[in-house]
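First up is the structure itself, then whatever we jot down about it.
Per-chain residue numbering starts at 1, and chain names A, B, C, D, E, F, G and H are given in the order in which the chains are listed.
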């Protein structure tokens, strides 16, 4: 039941073309939440300036481009994650202004540049192999309207590299900390700041890393306060949550 | 090396009672981070108004009270988690103004009431058995200076109970969602709001819930955006992270 | 918003005491599903003759009796599962007509005997140690209005015991098959009938049974068609689902 | 021992051409269940109108077609699951009337259209990636003689999509609910209906979804009553069990 | 249908008091395997001299003694495993000739001494903490009529202790090798003999031994040929299987 | 130290060309077990008529053939397991009398036919997909000198197929029972015989079968007595152990 | 065969009272390793000054004291781990000079003080709850003749505490690093030194720490070079290995 | 802040061009540990003569060669692990003096031969399939300046092969013991020596070896004292740790 239909029904009721029972039944059969749908959607759009995200894995280049086309009919930007060079080639032939972030495995397109929120989101990663996940987080946070500071290759086995960037770390409003293997970096970072730390475990490692389980468990058991965790390799989820938090800080 | 010692050393250097090499070596041997310690600590104290938290499990009533005493020498409030009635009895005989939150298994003490931040943190839980963990989150968020809205027993198997509170849910700045068994509540909530959702799995359940693993996995794999997760039964961690986020929103 | 309130609002609207916008907003703010609640509840009550079930574990005897009292204000029967002798003692002192099923760890109370559906639900179990779970299933199915046929101690290591009851097995409309250890019984039973088989793994066993995981996995991987599985030791869940299926068969 | 042989033996016994001991020994050596074999088989065939199913994975196109040929000698329909386009090509060249359900990875062939039972089986799925499993369930239920209602992409993170179909959901006799990731959909659906809900976890997801384990555990721990579970990605098993239940409802 | 009943039925048939159809139906309804039951049982009894075993865990002293009483009505010996001193006290007050094997947690009773088979079963264990499980295996093998050679505390970290008993090891017909922790002993033993080695993992160990899983996996992955494995702590199972093998060797 | 060297040393000692200390030291340095090596080997060879087995996986065709060549210098037969058609092609070009068992993925070569032991080893398997593992067991048992009876596709979901072969099952001296999925067959078989049952879990199955773990756990938790288990897919191990047991029975 | 017996046999051989074959056979039957036993033992005793260790868990106070008595007949010191106050009470009543390390749950006794090796073993732990395990390591290393430096409560969430002790850390020859929860400390320490780091995971933590598994996996996946790991809570193992390494450094 | 900058700042302070507060702030902002960086690095370089190691997996041949080039600007040797023949081809075309260790999957290059430390590191492995991991350990230890003794194919199922090398085993200062399957070799070796044993589990095995988990658990639960463990297949880690220990022994 669309909003129009609901209005028509109520008018019918008032004009005695419908009974009270019919009105109640109609709202029960087509639950009002359906009306709320468009509303929530608009609300979300207005507040975050951000539409649905395309998860590219398992979709054909044609499908990714098609969905993007549909989104761009009513939105000013689009983000596709987990895309391959094949996805990118077709996409850019259709949307020449699109940017392909090869490392992040993402495609982004902004019809016009959005102004960025004040405050930065820092994205840290432990090793160079964690880069694709960290970049996915960074690209996500960027397209969602945030300034992003990247601090890569600052793993705990070489503490000096981390401490040398202490000022940047302490200036960030939200920190996304990406690490594989033993996943210790978020604990160390959380001890240095008083800001939310989002830990992103990666599947980097071998043997008993069990595809990221070791890092995931390490992060869930972090002795540092203020650490929350997302799924293994979920850079997008980390960047998305960070953006929600930074939007809060920006008073949105 | 304390701050005083550092100052003395620098004065000695200027007065030629110490060489440049001695100064450099001293800072290297007793790393400057040590100086930073008091600073960070003060900084943290100033910004968050919140000192170290006492984890009561495995500590005697005497130990919990003793640590609290030491903290209260320089702080205006204290929080102890995972305490038993025995801890509470001794604690309250020493600090009559302390409050024992039996359900939350927490003790709190504020020398004087703190003003609360604007904005609310909503704490939701799925079933009545999740209450102790939800209350731990709520008490933590409260003592850290936040207004807390409790929405309990709103599990996904009875959707109407959740939808009936939709306005409260959508008004919250940060949401802590506590659930055991299949841990589905955070996914549903994240679909209804555009705010950070912190998911707290509980060990509630039996059989193949494996002490909270089922709920934890459910939350990590949430199809809802903006969901981050803390350790099983870690109500304190959820409340703490929520407070950091709300502090951001309050412009702190 | 109760049904009464909704009716009043609509009358106000028709009488021009409320605007169309107010009506729409009211339904959106207090979602209609809330109205549906009582409806669904009544509907459920009418169709199944069965109210909310009390899960006794972790509740005091006083709490169990109290909840039962509240349910009995508007319902004609009540079921409490996972109760101890202590629960039973208090319960029966308050409700002398209540029955305590010690083996099943259940309490039941029917204000007046319900007629039973046609068709039987067979509850099978592999070993004597599986009895408490099997009895929980049987008592649940019985109080929900079904005839129950118990076939116990018919494990696969002594096939003759099972085959000796073949007629009873093949006459049942729905079969609840309870087994621990390797959990093989449902596969064998499913090969003998063309009816839904609900497999209930139990935590019976030791060593590598891992508290019922071996039986659970065995049942999920059953080579028999038509087998569905519930959680470990979840006799109630097995009996409940069986009753829903038998109600279907009874044309309800 | 065939039925004929058993009759001959008994006649021999009566005519004193065999001793009582010989009769007893013969029945023991060639167990009577063997007689029952053909019987059960016929019985099954008569009652369900459905023969053995061909599991295509790991079989060559030639083998699948060969088995189908053999089945069709005495049956009027055939179902092959987990087939590839290669299987389909050969199959359809042999049986031009066969239907290849690409999404469901199934082949079906009905010599003549079967009448459908009254009552519908609803097949729901959470996301578009769960489609192959949902379609396998739907195609299975359909070929087994049931009307099937498909409700796809109704995951819990967008509740309005699910609630908008509430009437269809509540009219179904049996519901097969397919979901990957956190597997929360069955819990929500079970809270909206009073019918058997068969939950089918899928291996959709990444990281800590562990190939469907997260969804499986979520479903086993469902807080909704009446939910039973089949193996990961086992759409066939879900559709098959649903058909057995719907056959019950049809009074078969 | 008992053997007597079957004979009566056949006589009735011959005497024309029953039809051929009635005979066939009777055998189908009460499957002949039921007749086979007593037979198999007797056969088993004759061949192995060994009746049903009482698993004491979870049974009351009264129950264990009661079952034993019933078994002894028709058998000449009885074995109860996993019994406590409480079980033993009551048992021995009823059966003064019973032997309580405290270390093995077993009770045995032989009405008269059985002759032992030729050939020995060697029971080895790695550490002193494995003793209860090893003794359970040894007592089981002994009461089942085998000569048992015990070689305890011969773990692989002190190879000389094992090699010092090489002759005894090589003379055994079957070897039951009990070990906890890393469970390496069966591999070493299998390299020294050409006889069946039954490996019994124990739950001895701590930390990452996971209650015997480490030992179990070690044994399943044994590089030694001829090693088969039973469940964790299943000394009875090891002794029982060894006895079946030794009976083979004795030409039974 | 070879046997020759040991003899020389002892002669030197007797002839006073070596001291007692030198003899003792030599035996300690080059441990006597080394001498024993050849002995054990010969012993093994004599008793079992069976040399080292070639595990083909991960070896080149050239390597497999090379090792076989070396073995055949002093042995009369050879067995290679887990070989591919590529291995087979080269092998048979070198040894035209070799037999390639494609289903079993084995190569065997006997210079002259060995007489078989009395008594049969029965190899059962539950489904057709378990065939490669069952055949590996059967080929292994056969080449090691045993009569092998194959009973395939006798899974527990169709009990009549198993019971129809009851006589063959009960005549076997040792039974190797191969099953994937829920692994229930060994339990059922063990209930029908009084002989050693070796259970071989296979990785057949999908979803929550976890590559054979479900079957493995089912077998370890078997309620049938006399069941021992080998590693997942380890048909060779099952056949080898069965041969050791049958050799016992043959009085070897 | 004792050393004496071996010598006698050789003398008999030289004196022609035994044949060469008898000598060879004797050494084969009673393997020479048996001779080596006493040797190895003495060797070990001489080099390490350290006898067998008593694992107290599961032993009675009487047993622990009895074993100690036997060891002290020929040794100058003894160590018992995992002892309770009850063990300690009886032990000290028998050996008044024994020391009970309550925190470490150890008893030690040295007949006379041993000189300590040069070089220190540093024992670090992350949190106060890790103390019992750290102390077990420290007490073990101490009684084995090493100087031990304790650095406790230096977890990674408060880096300044660790860096403040950098000099002590860098002076140690071997480091035993004890940590629970996420187990990140060894990685950080390994980045600061070029010495062997032995990581000891503890079962400290809750929820998804799984009794130390999270810490164990973290340590096995450490990004720091030179880290090796022992079992969960195995402080003794850590201290023992550290002592072997420090003995190497001391030129022993 | 570089060392130069620090010195300039201090000179400015002494010359009154900077205040004491400025100095303290500068050291806090750019933490002194940064200065320590170069120092630690040099120290490490001087003491171990060994630079950063290149992990080849996931890097292109071009990248591996490029990193090596950069390292060789200031170092005299380089090690790359987990390289493929493709990596080797390019590498050797650039650095003709480089050695490609195909079995070990390593590349090494020494500008000039380093003298080796006294004392040997023994590298043992259980089976031929463990060779790549063992060789990685051996090549690592060798390039780090150690004499390496290889003892391969000495698994516990053929004890004589191990005992035949007892002298070499007992002469080693440190032992790296590599094993897959049940991982029993380190326990046996640790019982024969009083030196540190580093256990390296390999992913060799099938079925329930779970990619090396069985071996890993076996080693962590080793009953032998002095055993420490590294990650699955981590030959490099084993060789590296062994070199640190041998360097200690050499008085470095």
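Criterion: a contact is a pair of C-beta atoms (placed from the backbone, for glycine too) under 8 Å apart; a residue touches a chain by one contact, two chains touch by 3 or more.
What you see is a predicted model, and the numbers here were worked out from it, not measured in a lab.
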Report task. Identify the chains adjacent to both chain E and chain H in the sense defined at the top. Result -> F, G
Query raised in the report: What chains do chain G and chain H have as common neighbours?
Result: A, B, E, F
Requested in this report: Could you quickly compare C-D and B-C and let me know which has more C-beta contacts?
Outcome: C-D
Query raised in the report: Farthest from chain A in C-alpha centre terms, which chain would that be?
Result: E
Query raised in the report: How many angstrom between the C-alpha centroids of chain F and chain B?
Result: 60
Report summary line: So, in whole Å, the Cα centroid of chain B is separated from that of chain H by 41
Requested in this report: Let me have the rounded angstrom distance from the C-alpha centre of chain D over to the C-alpha centre of chain H, please.
Outcome: 55
Requested in this report: Spell out, as numbers or ranges, the residues of chain H touching 2 or more other chains.
Outcome: 31, 33, 36, 40, 159, 163, 192, 207-209, 213, 216, 220-221, 225, 231-232
Requested in this report: Go ahead and list every pair of chains that touch.
Outcome: A-B, A-C, A-D, A-G, A-H, B-C, B-D, B-G, B-H, C-D, C-E, C-F, D-E, D-F, E-F, E-G, E-H, F-G, F-H, G-H
Query raised in the report: Given the complex with chain A, which residues does chain H contribute to the contact?
Result: 29-31, 33-34, 36-37, 40, 57-58, 201, 203, 211-213, 216, 231-234
Report task. Could you please specify the touching residues of chain A with respect to chain C in the complex? Result -> 3, 6-7, 10-11, 13-14, 20, 23-24, 27-28, 31-33, 35-36, 39
Report task. Write out the stretch or stretches of chain C touching chain F in their complex. Result -> 126-127, 155-159, 163, 181-184, 187-188, 190-192, 205, 207-210, 213-215, 217-225
Report task. Using the touch definition up top, name the residues of chain F that touch chain D in the complex. Result -> 129, 159-161, 163-164, 166-167, 206-209
Report summary line: Within their complex, chain F touches chain E through residues 33, 40, 43-44, 47-48, 53, 163, 173-174, 192, 194-196, 198, 216, 220-221, 225-232, 237, 240-241, 244-246, 248-249, 251
